[in-house]
Amino acid sequence: MIERFADWYTARHDYAKAWKERTGGKVVGYFCTYVPEEILIAADILPVRILGSHEPQSVTEPHIFGMFCPFCRDCLAQGLKGRYDYLDGIMIAQSCLHIRQTFTSWAKHVPLDWSYYLPFPNHVQSQAARPYLIKELGLFKEAVESWTGKEISDADLDRGIQVCNDFRSALHQLYEARKADDPPLNGVEAMYAVVSGQLVDKTEHAAAMSEFLGTLDGRERPETGVRLMLVGSENDDIEFVEMVESCGSTVVTDDHCTGTRYFWNNAQPGEDRLASIADRYLTRPACPSKDWPTRSRVPHILDLADRWAVQGAVVLQQKFCDPHEADTPSIIEALKNKGIPSLFLELDVTVPVGQFKTRADAFLEMITADDLF
Amino acid sequence: MITAGIDVGAKWVKVVLLRDGEIIGRGRELTGFEQKESASKALAAALQEAELQETHIDRTVATGAGRNDAPGNPIELTEVTAAAIGAVHVDGSARTVIDVGAEEGRAVRTSEDGKVVDFAVNEKCAAGSGAFTEAMARALETPVEQIGALSLESSQAIPMNAQCAVFAESEVVSLLHAKTPKADIARAVHDAIANRIVSMARKVGINEEVVVIGGVARNVGFIDSVERELELKVKVPEDPEYVSALGAALHAANTEA
Amino acid sequence: MASMAMTKYPTEPLQCWNKAKELRQLYYENYAKAHEKGGIRWAGGAWSFDAVPMGLGSDVYPLTSEPYAASIAFDREFSKRCLEATEKKGYARDLCSYMRNYWGSVLLNEYAFGGPFPKPDFMWQDHVCCSHAKWYQVVRELEGGAIPYYCVDVAIGPYSEVSGKQHRVQYVVDQLHEGIEFLESATGRKYDDALLIEAVKNECRSTSVWAEISVLNKTVPAPLDEKTMYSLYVLGTLHKASKEVADFYEELRDEVRDRVARGVAAVGNERCRVITDTQPPWGFLKIFRYMEKYGCISVGSLYTFALIGVWEDKPDGTWGPRTTPMEAGTPMETRDQALHILADWNLSKPEWQHFYSPDIKSDLMLRIAKEWKLDGMMLHYNRGCEGLSLGIAENRLALIDAEIPVMVFEGNMGDESEFDEAATRNRIDSFMESLGIKRPGEVLQ
Amino acid sequence: MGEQEYWRWTEHRHHEESINPKDGEIVAAGIDVGSVSSQAVIMVDSQLYAFSSMRTGSDSPESASKALAWALEGTDLSTEDLDCVVGTGYGRVNIPFADKAITEIACHARGGNFMYGPSVRTILDMGGQDCKIIRCDEKGKVGAFLMNDKCAAGTGRGMEVFADLLAVPIEQVGELSFEVDEEPDPVSSTCVVFAKSEATGLMRQGWPKSKVLAAYCSAMAHRVVTLIERLGIEKEFAITGGIAKNPGVVKRLEQELGVEALKPRHDTQIAGALGGALFATALVKKGKGRKKK
């Protein structure tokens, strides 16, 4: 059952090509989860989030200065190596500078039919952001319409909103199940489930998910280790989670843009569809690059830790990720004050197992070793 | 006309003597702490081979990190230009020159007449230089001159980021403890440094032919990894460590005084 | 002797050099001593809309963070302590080095100009790069969480697309209105629109005159070298909306005009013109002197021209100072009018455009190469500044495609441990060799 | 690799004649297979009985058994007499005869606690390839820890590289670094490899070895202090691992911290193995040892 999500994760390109074959529709690769997928889906476009492949590579050095995060370089490498040759277009919603370069270099060096830069507001906490974003979503909708030559009706938007909401609600149920004392699935499986949702048709994913949820009770439960949460930047690194769980832990929840930040809240259907979508993205758990002047992430993270009864947090971020680097010390401090120990690690393209395993082992020993004293 | 090219590198001093463009003598000496002395010794060795006295030299050009310590108050030339002139001389088709020494790596794009069109130098990190393989060789307890051949016996690729040499070393140690075959680790090491070097080379652009010079070019494992990463064959001139000294000597012959 | 022999052009020191130094000194004093006179202190960025807080009264003094952090970087010993204080607090070593110097100064409670760090009464920032808004979010925490803070998001896409998309300007204007409400509640003062309008006019004046001064550097020989320009443009980064700075820039412009008229050069042996890119490694400005040995002068950079300068296309197709609303006769009687003009004016700032695409910056650089008659460019891959290093690798490729010789050197504007002086000199040597310029020692022959 | 390797610590072993292991209830061993050296410690009823310290080969199981065999050498004990064996260090995952693997962080904390007494709260262990700052309680249980980031500046390896470069036995590096009239500026490069080329440059300028070592020791001490202060130092402070034997770093470090490190009662290099042996003893008490198997 879970295999389907794992297959989607590993064979993401085959899936997208097959989808295109099957539906004759357009596929748009996107950067950053502030992209309003509702509108793309309303236009019968398959949005796929562009992620890296976790292999060392030598093709991006001429395009992106080495002080920018490994993730943005890994993503660009996929484009330069032609791994996404089936894309009809790419787009980005404005957030951090790092991934923005992946978009601009990709648009410049990988020939494509269509590309779109959505200047998403950063000051999401300001009253001014809403009217601005609604207008931008309107412009974006028009751009999609003129590209596809097909008008996007209110009914289409309602469908887009509905598809995304159902998809997210299903993931919420999955995370609910992870609250159990002995979660029916581990962090690796959960990562497959959530990340694949950013790669495939959401209706299909929601269906597969509800089917999977149905099998959870009867499922043989993996051994439960120390309950951990993962906090930080983009993280789709299966090898990393496998390493952490192999040391005797179970990841039960996360605050990643590849995880909960991506699917946390739904759009509230209303007369003004674009307003509903705008509100959804303005009020979602924020990326640190938009989480100011108030740092709303901290209470949210503490709430997750509390509701999922975590014993420790692994705070990780892409190396050089400035927005996260500006949040990390405050988050670690806040967790500490709640009595939750944390382990900080920097993500690179590959996981230096030797060094990280020792840290992870020691961290878990720290939490559990009491019986030997 | 007799000219001398002296390349005072981080590890070795290399000297080439030319008579009207023909090599008539070469000398090599470990740089050590006494740079001046070593440079003079290397020059003496070259003079001996050419059966000449220092006074016979019409002009000397020095290059390399320690060029200001070269004897005979020479004209100074940077490693970048020396590498370009030398490489294009030994191989007229050279357009991208990769020079990897003990502590520095550089890539140069050249014009057909050996002029520098563009260049990139490995920034403050050992992961892109010979020092990296040396450190790894020690971790592998394999003599550095054997590590190249060893990696050719590898049967699988292990992705490893060339970051801090010491940090990478601990990866090597972990791999050893995990019973990974030494050959595979050796290849991982060469892939890592090749990745670094090729990234730098791509900056200046890969225009065939690609010629690799400098002491590390003798490392067959490194060359193998570079070719795999570049997806094309590269050329390694014989005695690659002398190419920059040769470039300096040629420059001496060509600069109008 | 060599340089004597090469000298072709007359040189002389700048008359208003000392005045620039005084203005800068006074600025940092005024901020520190503001409370003594019952005045107000605020901190923000060099790009902040500094005209807006001026509506709170004539006794409101700013401290802009980037130039302040750069002054810290000049003092290597102090900078080292600042950077370490920040690292010890748990902040990453690869964060913006201005930010790390500034945070360190707060953490150590030491002001670069003597005494304890003068806490601001409120913070007024703007946001276009990832670090801007986070900068003061952290400062507020380091200072105990009580300092009122407002930040204006200006990341609305390239100015070229603004026409027909007025809601993008409106977004900024709406925030500025929101910001004025914030300022009133933060200070308990009544806001004075007349002072705002005055300030906006001064800002338009100073920033357009700075562009005019930069234009004068198209002349061969260049009347100013970039090293000198740093000490002059900085006033704009301190307080572009102040009358003092606007007046000073007009005085400076007149002097530079006179230098041009009399053929006075910044570098007597000028024979190779380049520009740099991004902030320099402040602790190592002597590399510019090293270049001069080759007769190589940096006549500026997009950074020095356009961080403060506001530009436009001129009818003759050249790049020049943007026509001010006063010159254009644009009405500016109400708060809303003033804020619209202020927003639109700032959004046209060239140094903000590359945040959306490296192509925009590449085009500007190529334009500068042509109009400023350059022989090459030196790009500082600046580990200390994500914002200005954004897209720099693509800029490099574009310049090479246009067959402009480019030299790259890696460093950090505010963290000397990431700059290698010897290696950089060596690069300059290689670059000069590739341009066919002989080393100083050989010049006599 | 015929020429002398100055960077290696000399190998040695010792056992306590006064103790008769046969009278002991619990005989437990800890084996620390590090990247450079391996140590084995035998404890009898939580008393240090025997230990060995030797270089690590590229085969960790072999290094582990060698170290253990050497520790047992000349005692009436054989591996069969061990009630429990705990492995630690880089090679911990690969010690076939170990009953449990525990990280060097936990082991150094516990070993440090045994070595320096219950008052120890902050422990610095500078291993070959990483640098750990450990906060522990009066029982030697880890409360928090911090390790160097991907830049290995200020790890033990740096010192070894210097010993080799300057042909000074690692044991003498520290003392030699004090034979200077005045303290030179620290080497500026934080990168181990570039510090090496920087040092070469200084030697070429005619600096004496002692001055170069002084410059490097203080650079290293400074780097470590920054790391320590990130975690925050709580007294008492102690240093384990090879670096503790290098006064060149330790004295400068104490000076900059303004805190004196406790003086060790044992060879600080065995702290990890010692902690392992203590864990092994605890395991036996918990009924997890071999006898109960």
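For clarity, chains are labelled A, B, C and D in written order, and residue numbers in each chain start from 1.
What we mean here is this: a residue touches a chain if its C-beta (ideal position, glycine included) is under 8 Å from a C-beta of that chain, and two chains touch if they have at least 3 such contacts.
These figures come from a predicted structure and were not determined experimentally.
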{"item": "Which of C-D and A-D has more C-beta contact pairs", "value": "A-D"}
{"item": "CA centroid of chain B to CA centroid of chain C, Å", "value": "41"}
{"item": "Between chain D and chain C, distance of the C-alpha-averaged centres to the nearest whole Å", "value": "50"}
{"item": "Separation of chain A from chain C, taking each centre as the mean of its C-alpha atoms, in whole Å", "value": "36"}
{"item": "Junction residues of chain D - those touching two or more other chains", "value": "90, 130, 149-150"}
{"item": "Multi-chain contact sites of chain C, meaning residues that touch two or more partners", "value": "89-90"}
{"item": "Interface hub residues of chain B, defined as touching at least two other chains", "value": "124, 163, 167, 170, 173-174"}
{"item": "Chain-level touch network, classified as line, ring, star, complete or other", "value": "complete"}
{"item": "Chain D-touching residues of chain A, taken from the complex the two chains share", "value": "319, 341, 346, 348, 352, 354-355, 358-359, 361-362, 365-366, 369-373"}
{"item": "Touching residues (chain side chain D, partner chain A) in the complex", "value": "90, 102-106, 130, 139-145, 147, 149-150, 279, 282-283, 286"}
{"item": "Chain D to chain B touching residues, read off their complex", "value": "1, 33, 35, 57-60, 90-91, 93-94, 128-130, 150-152, 155, 157-158, 189, 191-194, 196-197, 200, 203-204"}
{"item": "Chain A residues within the chain C interface of the complex", "value": "61-65, 67-68, 94, 96-98, 100-101, 104-105, 108, 117, 119, 121-123, 126-129, 131-132, 135-136, 139, 288-289, 292-293, 295, 319-320, 322-323, 325-330, 332"}
{"item": "Chain B to chain D touching residues, read off their complex", "value": "10, 33-35, 66, 69, 103, 124-126, 131-132, 135, 139-141, 143, 163-167, 169-170, 173-174, 176-179, 182"}
